[in-house]
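Consider the two complexes below, in which subunit A is the common component and subunit B and subunit C are the respective partners.
This part shows the complex of A and B:
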């Protein structure tokens, strides 16, 4: 799906936990996330802390979208 | 005279199309059917088709063991020197049937087999490493070409002659490597190839690079504070109750859901339809998979221009690549039409 969106001409950032799959699939902008069942959260944290964690990841995704890339890039 | 048994489907036997795909295997001794006529012509006097076995494509794939054992018993009795299946071109079930039966004939009866099909036929990926598979065009318009390659290969196999490299004997590379001495050493061949390349002359690489099927990255978003951002996910987030019944695996469709005015996904309103991960955390708070809460706040704070009022979702669990691609092609057009500037796609 990532490639399909990219092919349509829309910049896309792939947020996922298993980045090697994302690389194999062919995503160009990749942001690693927390865990497979809760990529953008961590149920062990207090809600406020969890929100901060999620916000941090989304901020990274926005950075990725605003960064020119020539090749597949993982935004750690 | 070399004895050949030929396997074809109901369509090429001129029994019928999809409406006859359910017919069980039939054996027609002494008969030449469909592309068999072209094989017969190509064999000249070297070989003859002693029997044509016909089976409906659906029957074969739905009654795999039954069809296989019936046909194997016949082939054993006929005891040919070589078994030919197809060509199947781009007919998926037919290609799988050809590969399956050709492989079984080789493995269980020790009779060499050859088949032919289009490179994207799913049967090709499944069996090209086990059965000599001649690449064909994607439709029966390529029958003549297919037979002209399959027939000599079949004869070679029947005569137990050494089979050359895939490019010499016209089959799909099957992963077998054979050591041999080149007449010219590597450095010489490399320079020759380079000279041809520089002169814009055709050359053949000795090591083709794998086909990665990449899509080049799009330019970055210039001003994110004015951009409309859409959420897409393969994590299966859906409104509570999964109103469109997206399957928990091998999804056949995607969902489009309106989140106008939604600032937070809660246990009462959203859940996941995904059957490939522990759903507890996503069901408690679907923002853990698609960050609607954060993006709404960022929209309010002017960090992003807008969160698109629709999100697109499917279950990426055993879902066919072809389906995912088709989903993305379709909803991307909607995103473009709605003026979306960028997508955040989350996966579980």
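This part shows the complex of A and C:
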């Protein structure tokens, strides 16, 4: 899906836990996430802490989306 | 040197009887005694026992685990150390196994749980468990129990029953005895000079959420990659806690009888020096995947190995663990063969694995789990067909009005097993 959408001219940030697979399939902007069963959250955290974590991930993805990249890039 | 004698007690039939015993290859089972063992756990409300024999028109589903009964006759520890027996290092001395039979635990645990064992028809060809006399334990949970509490209840119930039945063989004379000998690192190098040093690297399913494996009772997701003597598994050092996608999870029976270990022993001292077994996990955090594969590669180097056989358990994100292990071990100069299976779509034309690398240049496949099969209606169902449509590999149309079932072979217990346990082969 990442490649299909980018082929249509729209940049994509792939947020995922297993970044090596994202690299293999050819995503250009990659944001690492928390864990496979809960990529964009962490049930071990208190709700307020988890909200901060989630917002931080989305903000990082938005920065990645606006960043010019030459090669496949992981935004740590 | 460490030595394990594995005695085979051949079981040709199972019957219910007033007393549990083994006579002339027939296992007689006291139903009430076995039920009492299952119901020791207050999380289990009721259980039913049934017997399924090869060739009978019987379907067992949903299957939780398959277990071969064994008994420790001589040597340290007992069967299923850290789980049923006390923690003690196993793999030495004398063990008897009830061959030709298994304890199968069944019943609902989660909505999409494994698996199907057909005792006849085309489905039977895909699961080696159709060739066994199976004592099936169908458990029913107490009301209101959570799935993650009930899963261990059924898991332990199966082990207790298997240990109880194995105990019946303690005083018997085995029909056949296999001997497995392993050496210390220096000892092996001295005794078998010139032979390539080979180990088995086994990846254990540890994604959590009822995809779990236990080593001496420890949840594998909480372990670091480590070394075992390959005979330890024959006493039940590794057990299954899986509930999902039956085709390529290792039931406890497969851990006890791991074909890779047995085949490497077959060549030990002839064409290879089978140095040891290395176990590693398949966790859901990227850092864990990186750490565990770093450790397997480090251990392979430390042991001065020439080659390894690497088996996966499950599919999807563990494909990354597989490729990480393969790349890093090959990078240490250790030749690597991987054993996996494929999710290549129903037509077999899609990419087989979620991850790939040029280092994975020697690959053995257990088959395409997406392959579709139509299972005929069978006369008897042990368990329930209620979950056939939601099982992994099934869909809302799987169970047809005429009683036939159309599913992917991933629904069949052991169909694409990644230790070579199944019957699939290439034309």
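As a working rule, the second predicted complex is superposed on the first by the 76 of 76 C-alpha atoms of A that agree within 3 Å, B and C clash if a C-alpha of one lies under 4 Å from a C-alpha of the other, contacts with A are read in each partner's own complex, and residues count from 1 in each chain.
As a working rule, a residue touches a chain if its C-beta (ideal position, glycine included) is under 8 Å from a C-beta of that chain, and two chains touch if they have at least 3 such contacts.
The structure presented is a predicted model; accordingly, all values stated were derived computationally and were not measured.
Colleague: Should A:41 be classified as contacting the first partner (subunit B), the second (subunit C), both, or neither?
Modeller: Touch status of A:41: first partner only.
Colleague: Can A:51 be said to touch subunit B (first), subunit C (second), both, or neither?
Modeller: first
Colleague: Residues of subunit A touched: more by subunit B or subunit C?
Modeller: When the residues of subunit A touched by each partner are counted, B comes out ahead.
Colleague: Just subunit B (first), just subunit C (second), both, or neither: which does A:10 touch?
Modeller: Only subunit B; A:10 stays clear of subunit C.
Colleague: Give one of first, second, both or neither to describe whether A:67 is in contact with subunit B, with subunit C, with both, or with none.
Modeller: first
Colleague: For A:30 in the superposed arrangement: first (subunit B), second (subunit C), both or neither?
Modeller: Neither: A:30 stays clear of subunit B and subunit C.
Colleague: Which parts of subunit A are touched by subunit B and by subunit C alike?
Modeller: 17-18, 21, 36-37
Colleague: Which bits of subunit B are touching subunit A when the two form their complex?
Modeller: My answer: residues 212-222, 224, 227, 229, 232, 234-235, 277-282, 284-285, 287-291, 293-295, 297-298, 303-304, 314, 316, 324-325, 327-329, 332-333, 335-336, 340-348.
Colleague: Please give the residue numbers of subunit A that touch subunit B in the complex, ascending.
Modeller: For this pair, the touching residues of subunit A are 1-18, 21-22, 26-29, 33, 36-41, 43, 50-51, 54-55, 57-58, 61-62, 65-71.
Colleague: Can you tell me which positions in subunit C touch subunit A when the two form their complex?
Modeller: Checking each residue of subunit C against subunit A gives 207-209, 284-286, 289, 317, 319-320, 323-324, 354-356.
Colleague: Flag every residue of subunit A that touches subunit C in the complex, lowest number first.
Modeller: Per the touch definition, subunit A meets subunit C at residues 17-21, 24, 32, 34-37.
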